[in-house]
Amino acid sequence: MREEIIMAGFGGQGIMLMGKLLAFAGMKEGYEVSWLPSYGPEMRGGTANCTVIISTEKIASPLSYRPDTLIAMNYPSLHKFLSRVKKNGSIYYNSSLIQNKVDAEDKNLNEIPVNELAADIGNDKVGNMVILGSYLAKRRFISLDAVKESLKEIISEKWQDLIELNKRALEKGAEYINKIRP
Amino acid sequence: MREEIIMAGFGGQGIMLMGKLLAFAGMKEGYEVSWLPSYGPEMRGGTANCTVIISTEKIASPLSYRPDTLIAMNYPSLHKFLSRVKKNGSIYYNSSLIQNKVDAEDKNLNEIPVNELAADIGNDKVGNMVILGSYLAKRRFISLDAVKESLKEIISEKWQDLIELNKRALEKGAEYINKIRP
Amino acid sequence: MESEKIVINKERCKACEICICFCPEHLLELSGEINGKGYHPVMISDQSKCTGCGICALVCPDLVMTVYKTC
Amino acid sequence: MESEKIVINKERCKACEICICFCPEHLLELSGEINGKGYHPVMISDQSKCTGCGICALVCPDLVMTVYKTC
Amino acid sequence: MEKRLMKGNEAIAEAAIRAGCRYFFGYPITPQNEIPEYMALHLPQYGGVFLQAESEVSAINMVYGAAGAGARVMTSSSSPGISLKMEGISYIAAAELPCVIVNMMRGGPGLGGIQPSQADYFQAVKGGGHGDYHMTVLAPASVQEAFDLTMEAFEIADYYRNPVMILGDGVIGQMMEGVVLREPVKLEELKEKEWATDGAVNREPNIINSLFLDAVKLEEHNLKLKAKYDLMREREARAELYKMDDAEYAVVAYGTSARISRSAVDEARKKGIRVGLIRPVSLFPFPEKIIRSTIAKTRTYLVVEMSLGQMIEDLKLALNGKRPVCFYGRTGGILPLVDEILESIELMRRGEGIEADCCLS
Amino acid sequence: MEKRLMKGNEAIAEAAIRAGCRYFFGYPITPQNEIPEYMALHLPQYGGVFLQAESEVSAINMVYGAAGAGARVMTSSSSPGISLKMEGISYIAAAELPCVIVNMMRGGPGLGGIQPSQADYFQAVKGGGHGDYHMTVLAPASVQEAFDLTMEAFEIADYYRNPVMILGDGVIGQMMEGVVLREPVKLEELKEKEWATDGAVNREPNIINSLFLDAVKLEEHNLKLKAKYDLMREREARAELYKMDDAEYAVVAYGTSARISRSAVDEARKKGIRVGLIRPVSLFPFPEKIIRSTIAKTRTYLVVEMSLGQMIEDLKLALNGKRPVCFYGRTGGILPLVDEILESIELMRRGEGIEADCCLS
Amino acid sequence: MKLTAAYPESLTGKEFHYCPGCTHGLIHRLIAEVIDELEIREKTIGVAPVGCAVLAYEYFNLDMQEASHGRAPAVATGIKRVHPDRVVFTYQGDGDLASIGTAEIIHAANRGEKISVFFINNAVYGMTGGQMAPTTLTGQRTTTSPLGRSVESSGYPLKISELLSILEGSVFIARVSVHNPAHIMKAKRAVKTSFQYQLDGKGFSLVEFLSTCPTNWGMKPVEALRFAGEEMTKYFPPGTYKEVE
Amino acid sequence: MKLTAAYPESLTGKEFHYCPGCTHGLIHRLIAEVIDELEIREKTIGVAPVGCAVLAYEYFNLDMQEASHGRAPAVATGIKRVHPDRVVFTYQGDGDLASIGTAEIIHAANRGEKISVFFINNAVYGMTGGQMAPTTLTGQRTTTSPLGRSVESSGYPLKISELLSILEGSVFIARVSVHNPAHIMKAKRAVKTSFQYQLDGKGFSLVEFLSTCPTNWGMKPVEALRFAGEEMTKYFPPGTYKEVE
């Protein structure tokens, strides 16, 4: 098994954390993992993205030119990476911010109204966990529980009180996708 | 023709100037010339030396490992370079400061009581010109006049009034050697 | 148009709220719109109350406002 | 030896004349000798007049003098 | 042992601490800031000192002082900052002081960019500073290796009394992977440095110095250094060979470009091309012998670098004309893609791109 | 034309002035002090500016500013001081600014000594600074050539918008020889620099810059620089061949060691050895083609350097294994002697010292 | 209808890349306005730093040079010596000017180099992500002073205006703040005075701006202005430190 | 018989290479005498500069490091941080400290680095043959100011003691002269005070010595002392500039 994921969005949307969390959980589950961020000043205000690879084999290139999955939290990110997603690959995108119709018939599209779902549980900062929850619920190669368990290792000490909220967001995203595609 | 000369002495004895003067006069007379100083902090208080090469041919190495001539203004210099002078080469040395017997039967030794001769003309700073005068009078491939002519180009502006004194010193050295070896 | 004292270039606004804080007439607020940068740009609630004092333009780090004043 | 107040290490002397200038008793002068460095080292003209004040040693940059003083 | 998910930069910092490094002097620059930041947070817990120097020049000279005082000490920077350290590095090598210097290369020349690059190879291995000297240069290709090589770097530095450079790039520094951490060294077991300046108690003074005004002495000193470098050439050269057993073709790459090349080699193998990967782990000493040992079977070599071609010279020198060498490079912060390398491999097999230095570019 | 007896350093300074250089920024260091001192005395007479900078780092950045402002400008230093300029040089090359930089090499590494050396060859030609860049590097072997090459250096610098280094050593700088001075260039005839920052009057602003945050743009910029370097390789490579017409053996040396080698070649010829001298005048670009043109007749090459062996790598790359190369080097400020080189030539003829990198040392 | 605030000609019009509420943009504008008012745009050459303002050359509508980190005063010296009749300024952050570029700024000031230096003191390395600067306040947390700046290890924040004032080559040194309209107006006057000194051929001048870095201070922009006005000014009092007749 | 001047143990006994009458040797002796008197030879580590005193490591009978030009304060910082209980000093010339090493000395002082700095101000670059230093007097001729130092081009001589005194990290700053016995005694007391501050763990201290360079000033040694005492002290007044309780 080998899964290459690109996650992308605005600077403040918690993209990096989402990637680290997935990589960490993957590692704990015994996979080989790598996480590679875009970095530097263009991150500020601009877009941020990272590449996560989860594999049963040793990972050679930590880059992904043709990812299996794209998680796009805003329109510029979707636009930037859409065409690179491999044939029959999956796209999870934040339909709260992406109103345009997404054109990609050879790919699996998953619309997640991230901001609405996050607002539902009372905090619009946890959109990253919502979409990750949806992704995990559908792909299932890492259990939602493993990811929840990993939260305390990845979230910095001063935000530990937000763990419960993040767990709820993961669940929210999972529920949402399970509901629409049972 | 090719003549390699090493000139050496204490820091304040005007070694460098003597070498430059010879090289300059040589150049004016149409020879190829090179002048190479020892340099750096060890010059201060310590010994100074330079290598002058005068040649009818283009000069390859500006260094002289086996000089034709050594002009030694003090004992340490004589000691340092004596053995390098080529067989049948010439040595001009300042017998005012070098009282030890000089041992070099395969070389032409010229004792010049430089300090005394300089004192005679009233200035013990012109010892360099005295010994150069002796050297030129004996070797003759550059005329004493050419060297005298060159003085004004080599001596820095603020010392121009010393030119006459230097000329006399050159003559003094020449006379001295002509007298003892006519 | 006679009453328009300040012109807001919404696309430049980064919603830092500095002008909001300094407008002596408390006329400025963030709008509900989202601009190309993803910010809710500033809007003026009531042009007619604007004195054209220019403070909003003076404090704005991103040259969002242009201010006209009746002489 | 009782009267020897200063000992001059001739080989270290560079004939800078600083001690000569500062000796309150004007006892120091350059000698006619030449040392290994080529300098005429300082000599004391009259040890008996030396007060052992130590000024020559204090001002000498090259640690030429050692001074003894009768307590 | 426990596995941690770490950035390359963090792994290097943690490895240094576990290797007994208690002093870090550095100056911020992207993409290596996690190293000083990690040190700032953790060194004080070990009674160590993190000091943000006023510049890279000051930082390398603080390293000089601390290394001369007997400490295990590290500094890190990225390309322009490393250029500023050149005089200091030459001094450190000349004074035979052990220390570890990290360069997380970014796109150059000049201010350039902050994306990953490998264009400081020459500077690292040929001596960007003045005079005949060499650093030992190690090039990790994974976070685990960044950790392991950093721990070893301190041993090598102390053993040879020589600066060791960890040469990475933005990808190595920023990437997170799982790392198995090794046990920390026991400080009390480290060999005493009798030459260090820590106060001349009951012994002659120790002098840390690189000045030899007498040219004869300076030449002797240079020959002493050379003997040390020759010993390193003998004993410290390393490379990883991947699928080279039957390889008719070889890709030669280090660090990040080796990781990508490895994928390309796998792809090419799928297409039936007998190609392998030679990954120099030590760049100085360059693993010449290991490379020469492959020429019996290998017909052509393809160098892949994130530069306009620097390591290619060392490869050519190692092969000395016995085999053709081609090149694929991207520069300025662009990473070569697996497909591009694959294409170069195919060109190499077709015998194209051999006359010129570059297959593509 | 009148012939003057001048030191190499003075000849370089005078040549710069005659080439229209009116700005000099430098910092004292032996053995090149005659250059700043000459400039301090003479530049004001031409309405120019001599400024002693607070350091080599500042000096090279003043050069950057002045070059960017459109002036012909020079700086000079020696080994440790040049190391400090590495970041600045990388910036100048990246921003494509013309200027002339003199390095009168002394013994290294570290503080080393002040006697002549050639151990900064790698630094000069491979890029001691970060990133893929090159200076044009010219190596005079006489005072006349120091003068001539310096005058040319300003033309090359302006033509390619690239820094040019004059690489000499203590002998070249301190030696006096006769020099025929060329006529000064006419300042009013120099080509206008439309790209310079001198005030944006009736035009778009000019920007002097080396930052390209977008990696694609930075790669483009690097490829633009590479094209320039390739053009230099095509057009600026030079070497002097001496007695090479029938040479079975060749000594390859530059600068001071070439002067000494020339004497050794003459001596060897007297002994009936058919040996010649190849003297690279440009070190970057290295005169590869000229050297390759000699292999038809020449069997073995002997590199002589005042270093532990640096240019030898470029020679080997040029020959690419087609001919054996041996080496004789002295380092730390020691000059090779004619006799020693002669001995190496004889060893070469007997086929000894070919396996190893060094004949002697 | 009179226009009280229009887009200055000395800015290109390009949108700043600065974070929301960062006062770098404001300071750019003040400088540009003064250049417009003095009508010196065509004779002014600016030097951009390495720091968040590294792209200043894209914003100022003037001839510009991008200097290496900390060396802007040396670069400006090179330019000014070649073109003594042009107006040359540098724009530098506190890492750039007060840390790596210490020697360059001290010596440019001491030589009385006839340039204007705009020194943006935001008490932190903005561009590289919030490391400690020489001007970071005592106790202030940054990524390289995670427990707060310690005087024991790092000393007190460096007061550049005070330091440069005692050098004989400096003719005008002022510290200003931009945390409210009144201070912004004073800041602009200081910029004008600085250029005026240069136009009069007098010597080195520097204006130190207390500036905000909401991103790395972890504050909202308005909060950051308050911090600048209340906390920074305590240790770095605004005022004219030197004004030579 | 009491010995009033004996050879200090903290000197090796090797003859100095300095020119006749050069006060470098005198200052070496004063430092060595103080180290002897404080009985700290075995816990003192010195840092030699690049300058005429480059061989200081051959003269001081202590552990010594030779720093690169101007960087002695950084090297000393490295040593002191590793061995906070040792006494660390640097010995630096005016080219070394006041020119190329400006950033290093300012920041070591500002950090309050607990080291003693001995700053030998002879108004010239001695070792390289007499070029202008930042402290060269106005109008003074050197090989790089052949017509005399020009204020217009090079500014006024840099006053290091005054400059460093305003930094909060410095605890003791004094300028002394060694042109006559009285001043020599004062100079020695300043050296002792500096070491004492360090032993007390207080902070950064510096003693600036007005020193002579007869060779490059083109003066006889005694004349040079007179010049130091009469001319240099006018612009560089001796005195204690800072003494923190």
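Going by the order they are written in, the chains are A, B, C, D, E, F, G and H; count residues from 1 in each one.
One rule holds for everything that comes next: contacts are C-beta pairs under 8 Å (C-beta built on N, C-alpha and C of every residue); 3 or more make two chains touch, one makes a residue touch a chain.
On a predicted model such as this, the values are computed, not experimentally measured, just so you know.
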{"item": "Contact-graph distance - origin chain C, target chain D", "value": "3"}
{"item": "By number of C-beta contact pairs, the top two chains", "value": "E-F"}
{"item": "Centroid spacing, where centroids are CA-atom means, of chain D and chain F in whole angstrom", "value": "54"}
{"item": "Interchain centroid distance [CA atoms averaged], chain C/chain H, Å", "value": "60"}
{"item": "For chain B paired with chain F, centre-to-centre distance based on mean C-alpha positions, whole Å", "value": "34"}
{"item": "In chain A, residues with contacts to at least two other chains", "value": "40-41, 45"}
{"item": "Multi-chain contact sites of chain E, meaning residues that touch two or more partners", "value": "30, 49, 51, 54-55, 57, 80, 87, 91, 95, 110-111, 114-115, 209-211, 213"}
{"item": "Chain C residues counted as touching two or more neighbouring chains", "value": "14"}
{"item": "Chain F contact footprint on chain E (complex, rising order)", "value": "57, 79-80, 82-84, 86-87, 90-95, 105, 107-115, 117, 119-120, 122-123, 126-133, 209-223, 225-226, 307-308, 310, 313, 316-317, 319-322, 330-334, 361"}
{"item": "Residues of chain B defined as touching chain F within the complex", "value": "20, 23-24, 27, 32-37, 39-41, 59-63, 65"}
{"item": "Of chain F, residues touching chain G in the complex", "value": "23, 25, 49, 51, 53-55, 57-59, 61-71, 73, 87-88, 91, 95, 197-202, 205-211, 213"}
{"item": "Contact set on chain G toward chain C in their complex", "value": "1-7, 11, 15-16, 18-26, 29, 180-181, 184-185, 214, 220-222, 225"}
{"item": "Chain D residues within the chain H interface of the complex", "value": "11-12, 14-18, 21-22, 39, 52, 54-55, 57-63, 65-71"}
